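In what follows, subunit A forms one complex with subunit B and a second complex with subunit C.
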Partner chain A sequence: MRPAAQSLFAAALIDPERPLPEGITAARGKAADRRFAVYRNTVTVTRIDALAAIFPAIERLVGQEAFRSLARLHLVEEPPASPVLFEYGAGFAALLERTEPLRPYPYLADVARLERAWLDAVHAEDALPLDPTALGAIPQERLNDVIFTAHPATRIVESRFAAVSIFSASRGHRPLDGIRPQEPEDGLVTRPGHTVEVRRLAPGAAPFLKALIRGETLAAAASHTLASHPGFALPAALSVLLEAGVFTACTLLPARME
Partner chain B sequence: MRSTPCSPQTETPRFSCAPLPPRAGAGLKPGHVDQILADDRPVGFFEVHAENYMGAGGAPHRALTAIRERFPLSVHGVGLSIGSESGIDPTHLERLARVVERYEPAMVSEHLAWSSHETGYFNDLLPVPYTAETLDRVARHVSQVQERLKRRILIENPSTYVLFENSTMAETDFIREIAARSGCGLLLDINNVFVSATNHSFQPLQYLRRFPLELVEEIHLAGHAEDLDDEGEPLLIDAHDRPVAEAVWKLFEIVISQTGPLPTLIEWNNDVPDWPVLRRELSLADAILDRLGPASLLGSRHAAE
Partner chain C sequence: MSNTTLISASALASAVAMALTGATVLASAGSALAATEKCYGVAMAGQNDCAAGPGTTCAGTSKVDYQGNAWKSVEAGTCTTMSLEGGRKGSLEPLERDMPA
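Moving on to the complex of A and B:
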């Protein structure tokens, strides 16, 4: 095979309009068209199946036929870069966002982001979540200076739509009845035990958690959050986060020199 | 080069060092794990696709660790793209090495095929022409993989749908030469032989007669689908979505009566049945291994181990 032979083979694989690659043949002088089509078909079908395995809620929401058309678009724009297919589909949400016929369903992109985050969490590194009572061991007067380490599975998906409710209904094979898609919902994905959990966060909790994950102290994260969400209830939010297993550790910033 | 995971100087291996037994094994499916762990009938071994365990942690690793603690394990790579013109992707080889270090499997195998290109990963095992140039490349890549993994691997014969005009060697000679140059062992997929034989109008027995059976350390059996080629004649597809075909069982009997009992994997990756159905396929393979293995021509090489 000449150096670029696999490039020609590859180009013909993903473009059925192209002729068969040069030098492809069959025994006893037979034609190779339907034979080469087996490779074309396998590549397309297994790549689409891989995407469908990552985004089952989206597939249920748009229907199988529409999903397969969307998947084909995604394959062209962003083919799988590695054999580790459970990492595929990072750009699929963005494709849903700018696909004209999906305009009436603006929540789909965030549902896809939740599905991608869910699978990230499935495969994230193992780590014991911080015991929710650990904060109790810190002297009251030093709580302001606590900083946290995020659990490897922790993901946040902020949405202007009811992405969490729609994600949960679709994954649970339930109708979307009673869900108001325009209701903003921030989603939290964690893996406190062996299974991944997805929950809605109260308003303000997502920016608060993001600040903590960035390494801000409890006091700094709380004051930033209160500035944008005056009604933010810190103790309640903190206890939800701890129960969800978002952190693995908390430490005190070293006391400042006076 | 050793092909088993443990060497005598290993202080305390985390897992048993036992090799794959010459029994039937199954491709591990996540949906079967609970039933497998609750089933007290023995299974020879389990095989996994390495790529499914290249994540950092979580449920897949918890399940596989539980399996590995009870059964011999074979790690079968599908993404290394050993036939690739652009070389082995060092990142992927490192990922494979981590899986192998983590599970100390009894066997590691890959395919005579390519699946990746600069434009992406095709998720299919694509054919290579059998030329001196490809042979150099494939043998070099197998050696590179073995050096990195610090162990011998097995290379599997492909199922193919097309031929290359520029091929100058028979597939069997090509495979024999890869093994001679790299020192690798071979995985004989008997369904692949049957599929390719039908697709390219040759006799499977002719192929098996030329295949270096003495280098085979594992067998794969699987089901295939039937399609038609441009001339309306049978074109078999390596679908792994149904029971093993009768003709493939017959070939398996012939191989085992030559080689003696070998670790034999039932591959059923699509339309995966319930565990008891897959378990029945394993029993069929075990019955053949029991019946024909001991009287085989080469069987003594295993008895002596």
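Moving on to the complex of A and C:
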């Protein structure tokens, strides 16, 4: 199919108001409008089902009916960019954020970001987490210049809301009783073995880990974080870093030339 | 560089030391995690482990017993040694045998 014909076909697939794409016929040249409508329906339902499988916590929180309306909006606004359906839904959180009726539930977008990050982590490349002894083997006086390599599954979602607690409760089919949505929570998503883990990070740990992921040295990341978050607990953040498998390796920054 | 740094080298060293002491407990938890391996060709139909998500062949989707490309998490070191029906062996790599028709 020519590219122009392809884009007309794709547009007609998600918009029932559009005419049957040119050149589409049934056997022996018969009209194919109804057949194309069946195909359009299958595509739509499959994409909605895919979004429901990617965002089960959101579906539970807003209810199935509302979820399917939101999913339908998303697939018109942002059809899949990849033929791989488990990569779908990157913009779904943003849609939740700007949907007027969802204003009273501003935490939904960050819960969706955690769900998307969870699935990214599931499908990330296998890699062994950093062995704590590798960090222990670095001479104390060189620790300043340690840099880390992020694990392919590592994702960080910073939230002004209790996104991690709400995510966990909804995925665990537990009520939201006792969760204060306005409490900020940063989430860490990792996959140290074959199972994805989601943790709530202490204040400052998210910017600290993000700085390390960007390639800042241990001293620079710790200093910047202490400057912006005076209560930041560095030993606890380092324990989480090791326990959760945030990184795969640590090395020394090569000595700078003067 | 070091004169603009807020954290002293000794503070950093003690933080790392504390984290590593804590991590000895965690290392055992970590080794429990590490003590499994992906084992292909050993799961009964519908009992395989897998990544979740639409558009994938996933957990609980294997069609036949001992399906060669379906894996299950097993205790490390047991995958290739466990005995299976019909003289089959598990494998750390996907297998061609027992594929669904």
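Criterion: the second predicted complex is superposed on the first by the 220 of 258 C-alpha atoms of A that agree within 3 Å, B and C clash if a C-alpha of one lies under 4 Å from a C-alpha of the other, contacts with A are read in each partner's own complex, and residues count from 1 in each chain.
Simple rule for what comes next: a contact is a pair of C-beta atoms (placed from the backbone, for glycine too) under 8 Å apart; a residue touches a chain by one contact, two chains touch by 3 or more.
The model shown is predicted, which means the values in this text are computed figures rather than measured ones.
Participant: Once chain A of both complexes is superposed, is A:V84 in touch with subunit B (first), subunit C (second), both, or neither?
Facilitator: In the superposition, A:V84 contacts both subunit B and subunit C.
Participant: Would you sort A:V122 into first (subunit B), second (subunit C), both or neither based on which partner it touches?
Facilitator: both
Participant: Given the touch rule stated above, what does A:F9 touch, subunit B (first), subunit C (second), both, or neither?
Facilitator: In the superposition, A:F9 contacts subunit B only.
Participant: Taking the superposition on A as described, I'd like to know which of subunit B and subunit C A:H194 touches: first, second, both or neither.
Facilitator: Touch partners of A:H194: subunit B and subunit C.
Participant: Applying the document's definition of touch, where does A:N144 land relative to subunit B and subunit C: first, second, both, or neither?
Facilitator: Once the two structures are laid over each other on A, A:N144 reaches subunit C alone.
Participant: Who does A:A50 touch here: subunit B (first), subunit C (second), both, or neither?
Facilitator: In the superposition, A:A50 touches subunit B and subunit C alike.
Participant: Quick one: classify A:K30 as touching subunit B (first), subunit C (second), both or neither.
Facilitator: first
Participant: Residues of subunit A that sit at the subunit B interface in one complex and at the subunit C interface in the other, please.
Facilitator: 50, 84-86, 122-123, 194-195
Participant: Would you mind writing out the residues of subunit C in touch with subunit A in their complex?
Facilitator: 1-2, 4-7, 9, 11-16, 18-20, 22-24, 26-27, 29-30, 33-34, 36, 38, 49, 51-56, 73
Participant: What residues of subunit A sit close enough to touch subunit B in their complex?
Facilitator: Per the touch definition, subunit A meets subunit B at residues 1, 3-7, 9-11, 13-14, 23-28, 30-36, 38-39, 42-43, 46-47, 50, 79-86, 121-127, 152-153, 191, 194-195.
Participant: State the interface residues of subunit A toward subunit C in the complex, per the touch definition above.
Facilitator: Residues 49-50, 53-54, 84-86, 88, 119, 122-123, 128-129, 132, 135-136, 140-141, 143-144, 192-195, 218-220, 222-223, 226-227, 234-236, 238-239, 241-243, 245, 256.
Participant: If we count contacts the way the header does, which residues on subunit B are in touch with subunit A in the complex?
Facilitator: 51-52, 54-62, 78-81, 84-86, 89, 91-92, 95, 114-124, 126, 128-129, 131, 133-134, 161-166, 199-202, 227-231, 233, 235, 237
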